[in-house]
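This structure is in structure tokens; I'll ask about it shortly.
Which chain is which? They are A, B, C and D, in the order written, and residues in each are numbered from 1.
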Amino acid sequence: MKRILCVLFSLMLLVGCSSTPAADSSSTEDTKEPTAQTSSINVYTRDATSGTREAFEKAIGLEELTATAIEVSSNGDMATKVGTDENGIGYVSLSTDFAANNVKPLNFEGVEPSEETVLDGSYGMQRPFSYVTRAAGDFGSTEKEQLVAAFIDYLCNSTEGMLVVESAGGVVDLSKGTPWAELAKNHPIVNQDNSSITISTAGSTSVEKTLKAALESFVPLAGNFQFVMNQTGSGDGYKRVLGEEKTGVNAADIGFASRSFNEDEDVSTAMSSGQYAIDAVVTIVNADNTLSDISADSLNQIYSGTLTDFNAVK
Amino acid sequence: MIDASKEKKNKLIDGICKTFFLAMAILSSSFIVILVLFIFMKGISPFLPGYEFGQVNIIDFLFGTTYRQDQGIYGVGFIVINTLISAFASLLLSFPISVLCALFIVKIAPKKLSVLMKSVVELLASVPSIVYGVFASGLIVIFVKWLASIFGITTAGGSSLLAVIILLAIMIFPTITSMSITAIQAVDKDLENASLALGATRTQTNFKVVLTSAKSGIFAGAILGIGRAFGEATAVSMVAGNKLFGPTFDLFDITRTLTSTMLAGLKETSGLDYDIRFSVGIVLLFVIFFSNWLLNSLKNRIGKNS
Amino acid sequence: MDTCFNVTDLNLYYGEKQALKNINIDLYKNKVTAFIGPSGCGKSTFLRCLNRMNDLIEGCKIEGNILKDGINIYETKTDVVELRTKVGMVFQKPNPFPMSIYENIVYGPKCHGLKNKAELNKIVEKSLKQAALWDEVHDRLHESALGLSGGQQQRLCIARAIAMQPEVILMDEPTSALDPIATSKIEELIETLKNDYTIIIVTHSMQQASRVSDYTAFFLLGDIIEYDKTSVIFQNPKDKRTEDYITGRFG
Amino acid sequence: MSRKLKDSLLNSITYLCAFLGVLVLGSILIYVLINGLKLINVDLLKNDYWSKNYLVAVENDQSSTFECDGCKGYFSSKWGVSFIDEVTSHNEKVISVEYIAENSPFEQLTSLTAGETYGQIVPMEKGYMIEKIDYIDSEGNTAIAGKILKQDAQALQESLDNASSITSIYMKSPGGGIRGSLIATLYLILISLIISLPIGIASAIYLNEYADKSKINRWLRQGIETLTGVPSIVYGLMGVSVLFPVTTVFGATGTSILLGGLTMAIILLPTIIRSVEEALIVVPQSLRDASLSLGATKSQTIFKVVLPCCMNGILTGVLLSIGRVIGESAALIYTMGTFISDNPVINGPATSLSLMIWSFMSAEQPNFELACAISIIILSVVLILNIVVKIVGKKLSKNFV
């Protein structure tokens, strides 16, 4: 029936634009039989290379994604799509503005997604913001190398750095921070004029906000150095620092990924690498949905295609 | 008055100019060779034995009906069909409207209105495609959803083949219209006057003489337009939904085009999944060449009849 | 009498089609020679052979000799550009360049490297006077040439050709796009010009040929049927076909 | 009668199509305007994108209190400064300085940043954003306040009133402007036109004036026409690997405006060639004949007669090209980079306006309003350039027509 209607409609469209506009009024009459509205779930997912998707699928133990899933291109796209689709389900980053997009965050296994639950590990769906630097001695100058080391120390270990990252949306454990004034003693480089040094960064766009805030706040602490951020995607983070593009157009000093570096990406040669913040992945549904809590099991069933009705979700 | 040395100099300059023009023409057309070589070198490698991430069967690639990065299944057969459907359908939708709109602007509209409309069309040709994408995911999608609900069909929030078609039709509209405007303006006034003098009405003249005389230019616009429809990536990927299998014939079902496949996660990936996008690029180039050839021969045939 | 062009065994093909068949003709210096004949008989094609304008047409092949002052203009070492400075041309439709009147006249000399302002001014005045246009335009030399009337434009084109001081001026139906008054002005002009230049004119008008020319050649289907003094052609043509044509029985 | 009917039918279809077209185009324009207009202001146009970051110390010797009559925001009478809450065009909540009283210690801020500027006075102005203030509270404990703790203006003012001395202030000048990208976009247009115009015009001249129907020329033409169909993302990838070595000669070490311009120049070629050729075809053959019959050489004919006549065609090509450059994103992501530079140089990285839109839309939180605002700016730049080019074109062609 649908097929026939569609063919009819496409004919209508063609007729509508090539001949008289009056012709199509008659044909709509008999097509107006409304069929019963189904509430089958529309499954939204990110493209296969997304760090968010990786974290999400790992958390729900997904083996094979249903073939009817709809791929969206970005976090914001996901929020918009689910916000306009009453039957949609998807997942976004914790820093998303849920209300503005007309979506509702779901508790995962009974745990509400929040900074506390992410930090204490009770909220299961999370991913790290990772960084990797160039190999020691490969920075072009020792001043730059020292400055990068100082920045990494500031970013990961100082109270000030962590505060900045947190205020920009990253989840960090402030209790582990040390005041920068103490750490700075190990980095004499910050006490000189560094305005001729430019640090370039590459990699994930998800880290952009936190990274920008951290870099900006570090500038006056470390002799007004310059920085260039070229955030294009997690894949480029490793490539441009240690991988195939490390000497090319897009070479960078520090690379970032919104996931752990995988086995293809050998970070052992780097001067330093690790993670500086955590981001949580939150399952979302349309704001009109009555659901408020979901289990990994249900999500697994929904995303593998065996569960297709919200009424059956328990 | 004629100075022999001057003559010699003139001749020399003439020769230099000719060589320069030829060199530039060769340079211009050599870029395509560089491009094709470059993309071939990258895109062929997954099909060669000894490929570092595991050789891909080219038959499966070309005729496959599933494309799933997560399982390493790469088949673009259905995507080619989807791409052809969406591009040609958008052309079908946009072509008559654009041509008639151009006719209106050049021949029917009062001077002031025509200038205004022309400027609007010119302006829209330079709207960044991402803005069209935003427009599509904001408005077109809602329209499609509403349309589907009339038929009692649920859609994936409006992302669908139909949304892609409407989006592309809107995007190629300025291209075809401005080319058609140029073509219609170039029609000889004498031809028109001759038709009017034979007692044809203004409208008959417009349709029978003006449009037929301008059809070569109009067709060139159509070719440019469909080129844009094939190559559009950013906006399309926002409403396509990137279906994992296909082909899609249902207007309200989600779809996947070659460009949206190339773009999805391009920056986050490496290895086979990265290289295979260049193979998709080769397929896209072939699709474009093929349809250009098709339209060009159609254009020549229509041209011959008159 | 001095000849200007000696044409022997000239054949011209457009691709497969032969447009000129075995043309043999001598054209005389400081005379007006008219080519007449029905449309498509090859008279314009032949005219364009004389300054090698046919070179521009793709698929055009020429056999035979055209000697100008004893030198074959179709030899490979002939400089086409130099030839064209000596053999000027005026076209059917007036085609002034979209520039000022002044710029139109000095175009040719400037192309050949003449830069001296005073000399250029002199050339402009002289050519315009020769073309009987000076009185009409001397106060608006720097206005666009496209603002002139059709007849004036055509005289400007003649002045433009004269500015190069050619030996020969080829005219390809120069009055066919003009009204009778403009036509008569051009005809008067031709009359005065023939003292200084050899003029070869293609015309559709029998009266024009008889009025302005000293010699007339009748072309038919790529052949020269008859070539003689104008008075002879028009008063007692030897060939029946010539007679039929000039008496208006066909063509 | 039936003829009239048919006529009016055809006419109404034409009207309908024109109406439909204008409706759709108009709705896009209105959509963009509604969403973006509220963010357009002079600051957006003239400000730098990157804030200047300052770490400053405050003269703590203060005994007086300050008065503020009717000034907006939350006024700290102890320090003589008032704050307000603001939302930037990038959807960030910030606390910015609204008013500084005369003789306030905030008028005498000295830089704490190592280097030349150490100890120099940093003027604080209205609009500066307070990120973090380290202070010692009335009980002698160190404490911090500011946006970094997700405080609002009121909380900051209360904290400050409670402070006995201020250790340091981290503040930012207002940023988020697009001046740099606007300039970079103009550079990009200029470079790509400077390169592709001569090549394009020369190629068009060769194809139209010199080329016979030989096979080689057919291939040349085919090659150029095929360039039209190549998706721009492919150009971008090619630009990085093939054209980058060229730019290194000019001192580029990475992505640069120059590389973007070179890549765009290739993308523009078919457009320019096509429009110039179209104009060349229209130039009447009789003009060429006339020039040649005067003994001008072919190149003289082309430069003096043919090219001036097709000025309009060249201008059309230029306009189309500008539109293409200004709207392109996919090819430039790789060649120009997404780094927003406030002082763009030709051989350094920068970003064009539409790349900026791409960045904002593909970020974790797409900023749709800002994208629309930048689109409006793009549209107005296109409009202005259109008008300028048309006026110049009229002036140029005055001599020729």
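As a convention for this text, a contact is a pair of C-beta atoms (placed from the backbone, for glycine too) under 8 Å apart; a residue touches a chain by one contact, two chains touch by 3 or more.
Everything quoted here is computed from the prediction, not taken from an experiment.
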Original post:
Two chains share more C-beta contact pairs than any other pair here; which two are they?
Top reply: B-D
Original post:
Just curious, how far off is chain C from chain A if you go by their C-alpha centres, in Å?
Top reply: 79
Subject >> Whole-Å gap between the CA centroids of chain A and chain B >> reply: 32
Subject >> Inter-centroid spacing, chain D versus chain A (mean Cα positions, whole Å) >> reply: 26
Original post:
Quick one: chain C and chain D, Cα centre-to-centre, how many Å?
Top reply: 59
Original post:
What are the residues of chain B that contact at least two other chains?
Top reply: 10-11, 96-97, 263, 266
**OP:** For chain A, jot down the residues that touch at least 2 other chains.
**Re:** 17, 73, 77, 232
**OP:** List, in ascending order, every residue of chain C touching at least 2 other chains.
**Re:** 81-82, 85, 111-112
**OP:** Spell out all pairs of chains that touch, sorted by label.
**Re:** A-B, A-D, B-C, B-D, C-D
Original post:
Which of the residues in chain D end up touching chain B in this complex?
Top reply: 3, 7-8, 10-11, 13-15, 17-18, 20-22, 24-29, 31-32, 198-200, 202-203, 205-207, 209-211, 219-235, 237-238, 241-242, 266, 269, 273, 278, 282, 297-300, 302, 316, 319-320, 322-324, 326-330, 353-354, 357-358, 361, 368, 371-372, 375, 378-379, 382-383, 386
**OP:** Over in the complex, which chain B residues touch chain C? Could you list them?
**Re:** 1-3, 6-7, 9-11
Subject >> chain C partner contacts - residues on chain D that touch it in the complex >> reply: 212-213, 284, 286-297, 300, 304-305, 308-309, 399-401
Subject >> Residues of chain A defined as touching chain D within the complex >> reply: 17, 19-21, 73-77, 93, 95-97, 160, 163-164, 167, 190-195, 200, 205-206, 208-209, 216-217, 219-224, 228-232, 248-251
Original post:
Hey, which residues of chain B end up touching chain D in the complex?
Top reply: 10-11, 13-14, 17-18, 20-22, 24-35, 38-39, 42, 96-98, 100-101, 103-105, 108-109, 117, 119-135, 138-139, 170, 173-174, 177, 182, 186, 201, 203-204, 206-207, 224, 227, 230-231, 233-234, 259, 262-263, 266, 278, 281, 284-285, 288-289, 292
